[in-house]
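The following pair of complexes shares a single chain, chain A, combined with chain B in the former and chain C in the latter.
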Partner chain A sequence: MKRKSFDPMVLVMPAVALLLGVVVAVLLIAITGVSPLRSLGVLISGGFGFSGKVWPIFMTLGSSTPLILTGLAAMLCFKVGVFCIAQEGQYVFGAIVAAWFGASLKLPPVIAVPFIMLASMAAGGLYGVIPAVLKVKLGVNEIISSIMLNNISTLVLEYMVAFPLRADAGQKAQSEVISKGYWLPQFIYGSRWGVSFLIAIALIVFFYFYIYKTRWGYEMRMVGENRRFADYGGIKSGNVIIRSLVISGAIAGLAGCMEVLGNYHRIMTGFSSGLGFDGLSVAMLGMSNPIGVVIVSFLLAGIRQGAQLGLQLSLQIPRELGGVLIAMVIFFVAIGNVYRPVVEKAVRSISRGRKDDE
Partner chain B sequence: MKKIFTLLFVAVVSISMIFAAGANETAAKDEKVTVAVVIPSPLGDRSFCDSANEGVKRANAELNAKVDLIETQGVHEHENAMRGAINKGYDLILGVGLDTQMMLDLANEYPDQAFASPSELYADVLPDNLASLLINVNKSSFLAGLIAGYMTNTDKVGVVAGGDAPGINQFVYGFKQGVLVTNPDCKFYVNYLGFDFSNPTLGKESAIALYDEGCDIIYSVCGLSGEGVLAAAAETGNYAVGVDTVQDEFYPGSIITSVIKRVDNSTYDLIKSYVDGNFKGGFRTLDIEDGATGISWDVGYTTFKDNAPADMAAKVDPAAKIVEEYKAKILSGEYKVYDALTEELWDSLK
Partner chain C sequence: MKEAIRFDHISKYYASTSVQASDDISFSVQEGEIHAICGENGAGKSTLMNILFGLEKADSGSVYLHGEKVAFKGPSDAISCGIGMVHQHFKLVSSFTVKESILLGIEKKAVLNGKEEADFVRELSSRFNLPIDPEAVIESLPIGLLQRVEILKMLARDVDILILDEPTAVLTPQEVGPFLETMKSLSKIGKTILFISHKLGEVLEVADTITVMRKGRVVSTGIKASETDIPSLADLMVGRKVLLQVDKGPANPGRTVLEVNDLNVFSPMGVQLLSNVSLSVRAGEIYGIAGVSGNGQEALVAAIAGHVHSMKGSVKINDVEIGHMPIRGKRQQGIAYVPEDRIHTGLNMLANLSDNSLMGFQGSKELNKGCFLDWDAIDERAHDMIERYSIAGSSPKGLVSKLSGGNMQKVVLARELAYEPHLLVVEQPTRGLDVGSIEAVHRMLIKERDKGVAILLVSVELEEILSLADRVGVMYSGRIQGELEGADINETDIGLLMVGSKRRAQ
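Up next, the complex of A and B:
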């Protein structure tokens, strides 16, 4: 079977969804009396602009890092056809482990930092084993089991920061700040854009090859396309699912670890505000393609930044309207199938036009 | 080919918009002092955040300042919001009830930027560019505790508290001390919400659990989650004590009184001191005597007395007498109330 080199729809569909969402939301904002062009301008400059002490675009790159990782984690689950949403819990567990070791280890950073990362990945991976085994061996619905696991992890986090890991002072229950030597450097201080971004991109590249160029990746895709057929073809689909979910968990755990090492330097309650779930939207928006995940993470982080902060800061548009904008984008992704044929037709005619030119 | 040009054109326009919008922002600055106020959760809690917003509105109306309110939700948004405000170049940035460590880090990172916090920060020293007003709520909570201890019919009183932290425990243990003064045999329950200050459903569940336990008065110390506590009081025919703003009128006859924490005043004060050129880093404490905190009865609210069942309403005046008595003692320094911010927990309150 010969595979197409690259499907442009992977890039076009999310872009169209984003565009439609933004346009509709900006029109809604116009009802409150703010010119649509101005709000659009602020949205872009607030999320992707190049001005101020720390340029918004760097902050966007920074906040896209955990999204890329949780998006990648969710994508790996989708690839084997399992709608596992335990990323939130794995992210939290990775973070707990990182905060714990980060504050208690007394090793030189060269050894400690990789060790902490591996430990967080192990924690996330182990948390991925549970829904995977339940699914494969007992047929338990992975959506239910992983939702429940998320609740457990949030409560464990609350317990850990309220009691065993708690630093003495502070209004909020939070863990001790990790040793300064373990902090992952940021390229531009205050932007949160740092080494963790590079690691995330490296993982994306790695998994692009893993999924599309290796035997294991082929197995994954086969199981995802049709599990029974894969079984018939001699693939041990159960093992493939467990393997994928463990890898996915490890990546989500790593996301939590890097947020702690590179960003918060400690954990506190409320630390896990839905980043794991955002990974799901990212994976869906990115059409379950590693490159799509990166692009969507970047765009979503920027729109968040621009809509929920930029619009408030510059135009005093209430935060909720910024939230509406983001919801609109996700809505248009969800109903993608409705306008997909139209977009497909347009793309085809454009690419045909290009061929004619050549 | 034409289509590619169209696409290119769109790209150019949108990129130029990035720069254009950036330029507008810097040009729009005028003579007024600009202030950003970052609040920890969205507006509409009828409590802490709304109170800060009152201060913002007053500052906008009365001072030569342009004050912008920035709503956030969740820890991960706080720092982005603060940095966004720093980026935009406000003269003064207020973080209301945000993480102390983050405020300190930002203040050290941007030594030329003025920061302030109208509610408590937990640090020993503050840098010169960070001011913190601290409102001591332990005494006013104590007064509310006196009332609750006196009024309870079941000898069981509870607190639904946002989270187990000194800033919240200042309310909790002040209240407990008061309850035990007027009712030494009273059983005392605390339900912590794990720092979920914006979840009325959780507040309501926790309150109902305490009412089922036999409590008849619950003190709600949990921001928006407290709405659920107050609703539970009204629905189950029990009583509650409100917090931060005057909440007596939400469910007339069910809310005995409210412990007021005038975040609006402290927000306004900080902005005013900056506008007047008196801004100074460091701590300043406000207390009952400054009018920054107190109970709603002090400021003339009789909602409970007017609407409560006769037996409870009859207890209001004797309770008020006890309150006055202890208030005088506290102000004269004769009686001391436990302060969770600075002291180890007293044995008598364990």
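Up next, the complex of A and C:
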């Protein structure tokens, strides 16, 4: 029997978008007077290199961790056809809960760390219930409700670090450092690459099987692809949507928790820096596929890293250009349909050529 | 007569689906005639028309218009050369008025003059004898009138060649007759009409010349409608003898499976959709619901197999009340349902055949291994369905959207029959299908009946009801207007009941 045929376009399209984005950004850098090849080299060695005290590639692996988790969270919403963008707020709430319990619990780490993770997931999950129920029961647009919820979470964070959780009245608004015993270990000190990365990868594997190999994942996909068909077949699509959005929220909450336990060890104003939103880009660029999410997270984190470590430090090019690069890549993904036919034709002629060779 | 269009060795290959949609097509259409192009679904009729209209490019070959070689870059090119096309699915803005729709894109001035426009449309509609109210809003119009708007839209652009892509597929039986008259009158005033259809009765009634296509090739062209008949056309279309009348033995009805009693259904706005409907369907019989569409059939089917907003009365399957059950519960009671809209409801076009065949069975023990779906077993099962129901051009991992209409319907039927239902509800099971597929679907239904399944068949095709149903209920205005049984089932009585007449013809 014929097995699932793999569509090469799933990999080719993001790669082409990435290539186009890099080319445009490097040309932009050329305007500042730096040779494009040099800046490209520095970008790559700063993002994915194997040299220096802490190898950049390890730092990239470290900073890809929260992207993988928020990307997975966003992907779970997209899979049921709901464009929920509450990951930012859920991420922040997960972090608040982790910082709070992390600083106040007096339990042995074996008990406390899993407890804190579960509590953060519950916080994120509960935050996911709101847009889900509003959407399913009242038909409220999920984009609007989740934008509002994101604003609320930012304000709650500011309040928490300014008053109840504030470490020191004199210092800037930040919470107390969590107990050292609760810190998640890093593989290489200073790289941020640690246990949380393994947890993220484990979740990717879990959800890969969940989505493609279980009946619950099947129901999710059917609801997302054609809700009328799912309803007609007896699936309670509203329940499936609520379930997925709650799971998604829990994962985004866990991402916040990981950043507190494994990286910052506290929260402060501006804690998130838009990581929740990055998850949306990751899920879209990764074609809503768990493996794609990992690859894209790694690439985005690396580009950002390279822009910061390479471009800024060694070439004095503003690291915002890294942001421009990422924006360019997203732009080229968004207009993918414009150049898709050309790419498709090329891929076809290549694969036909290969067949002819055989 | 002069030649209007000539297709000269047109070929078109779709690499993405590996389909040779047009294979060396050559024939010509004379000026002022109604030229019907017949063929099964997927025979390449629409592709050829899209090439003519400039929507697609042929790989090779050329089109001649009035003897001159043309190659349109798009529909606007074609229209400016006098070729207009009315698609099967209308392309109208629902909030526009009729006059706005007709004049969209050819407004004469920057500032619109409503009265002038209305006068123009009125003049147009009386010139072609296609009456319409220029001020009516599109969304308030029935489908028959929408089609008229589309035709007027083309006539307003001064086309002299009209392509009509399966125009009668969307019409109710009552609308078909007048529509065919319209075609004839347009032809009388000199318009050339290309009429795409697979309804052979209509083709014979209206066409002057017929071209038959099969699998991207022209099988026969220049057939005079006066010199042929339905069986020989059907033979050409499918390439073998087709039984238009299905062989059907007498029904052998058993116990009552479905019992509907005093059923009233209301819309969310409180409109009464069904009033006091009672009917019963027994095991081993086909109960046909006839009627013009929109007379409550949808609500009846929803109350039995789907979900309604609010209802009174009872719906029982094997003496179990199911009216208020969720859909999953109803299915567990033994209802299978083939919906009218197979593209949006009956199938998931983004998914492959295995996914589609699994719907409703994702929890079954045979198809799961522990927590995981057993994809080998699922693919195996899909493969069996393909073989058992001869679903052509398909594999378990192939997308259902690549299948023809008839094969899509076979996928739906195969899945629904896998429920081994007590009651099978089928809604317009052959709408838009070609002769070969219609026959296959009808055979499947009769086979299930003979196996003892109770079948509720909802159809607006009178012929379908006549050839399949053992008993008929005719719906009119949310009621069962009358029931006919056995030898009493005839076209005249059903027709009278369909339009609301109380008394049956003597």
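Assorted remarks:
Definition applied: the second predicted complex is superposed on the first by the 335 of 358 C-alpha atoms of A that agree within 3 Å, B and C clash if a C-alpha of one lies under 4 Å from a C-alpha of the other, contacts with A are read in each partner's own complex, and residues count from 1 in each chain.
Just so we're on the same page, a residue touches a chain if its C-beta (ideal position, glycine included) is under 8 Å from a C-beta of that chain, and two chains touch if they have at least 3 such contacts.
This structure is a prediction, so every number in the text was calculated from the model and none was measured.
In the three-chain model built by superposing on chain A, chain B fits alongside chain C with no clash. Contacts of A:G234 after superposition: chain C is touched, whereas chain B is not reached.
In the overlay built on the shared chain, the residue A:G190 is in contact with chain B alone; chain C does not reach it. Between chain B and chain C, it is B that contacts the larger number of residues in chain A. When both complexes are overlaid on chain A, the residue A:S314 reaches chain B alone and has no touch with chain C. In the superposition on chain A, contact of A:R221 is made with chain C only, not with chain B.
Contact with neither chain B nor chain C is seen for A:N337 once the two complexes are overlaid on the shared chain.
With both structures placed on the common chain, the touch criterion links A:L275 to chain B but leaves chain C unconnected. Superposed on chain A, the gap between chain B and chain C at their nearest CA atoms measures out to 21 angstrom in whole units. Of all residues in chain C, those touching chain A in their complex are 15, 306-307, 326-328, 330-331, 337, 339, 344-351, 355, 358-360, 362-363, 368, 371-373, 375, 379-380, 383, 395-397. Contacts from chain A toward chain C in the complex involve residues 1-5, 209, 213-215, 218-219, 221-222, 225-226, 228-236, 348. Contact residues of chain B toward chain A in the complex are 1-4, 14, 17-22, 24-26, 36, 42, 68-77, 80-81, 83-89, 97, 99-101, 109-110, 120, 122-123, 163-168, 194-196. For chain A in complex with chain B, the residues that touch the partner chain are 38, 40-42, 44-46, 48-54, 56, 59, 63, 155, 158, 162, 169-174, 177, 189-190, 266, 268-271, 273-275, 305, 308-310, 312-314, 316, 318-320, 350, 353-354, 357.
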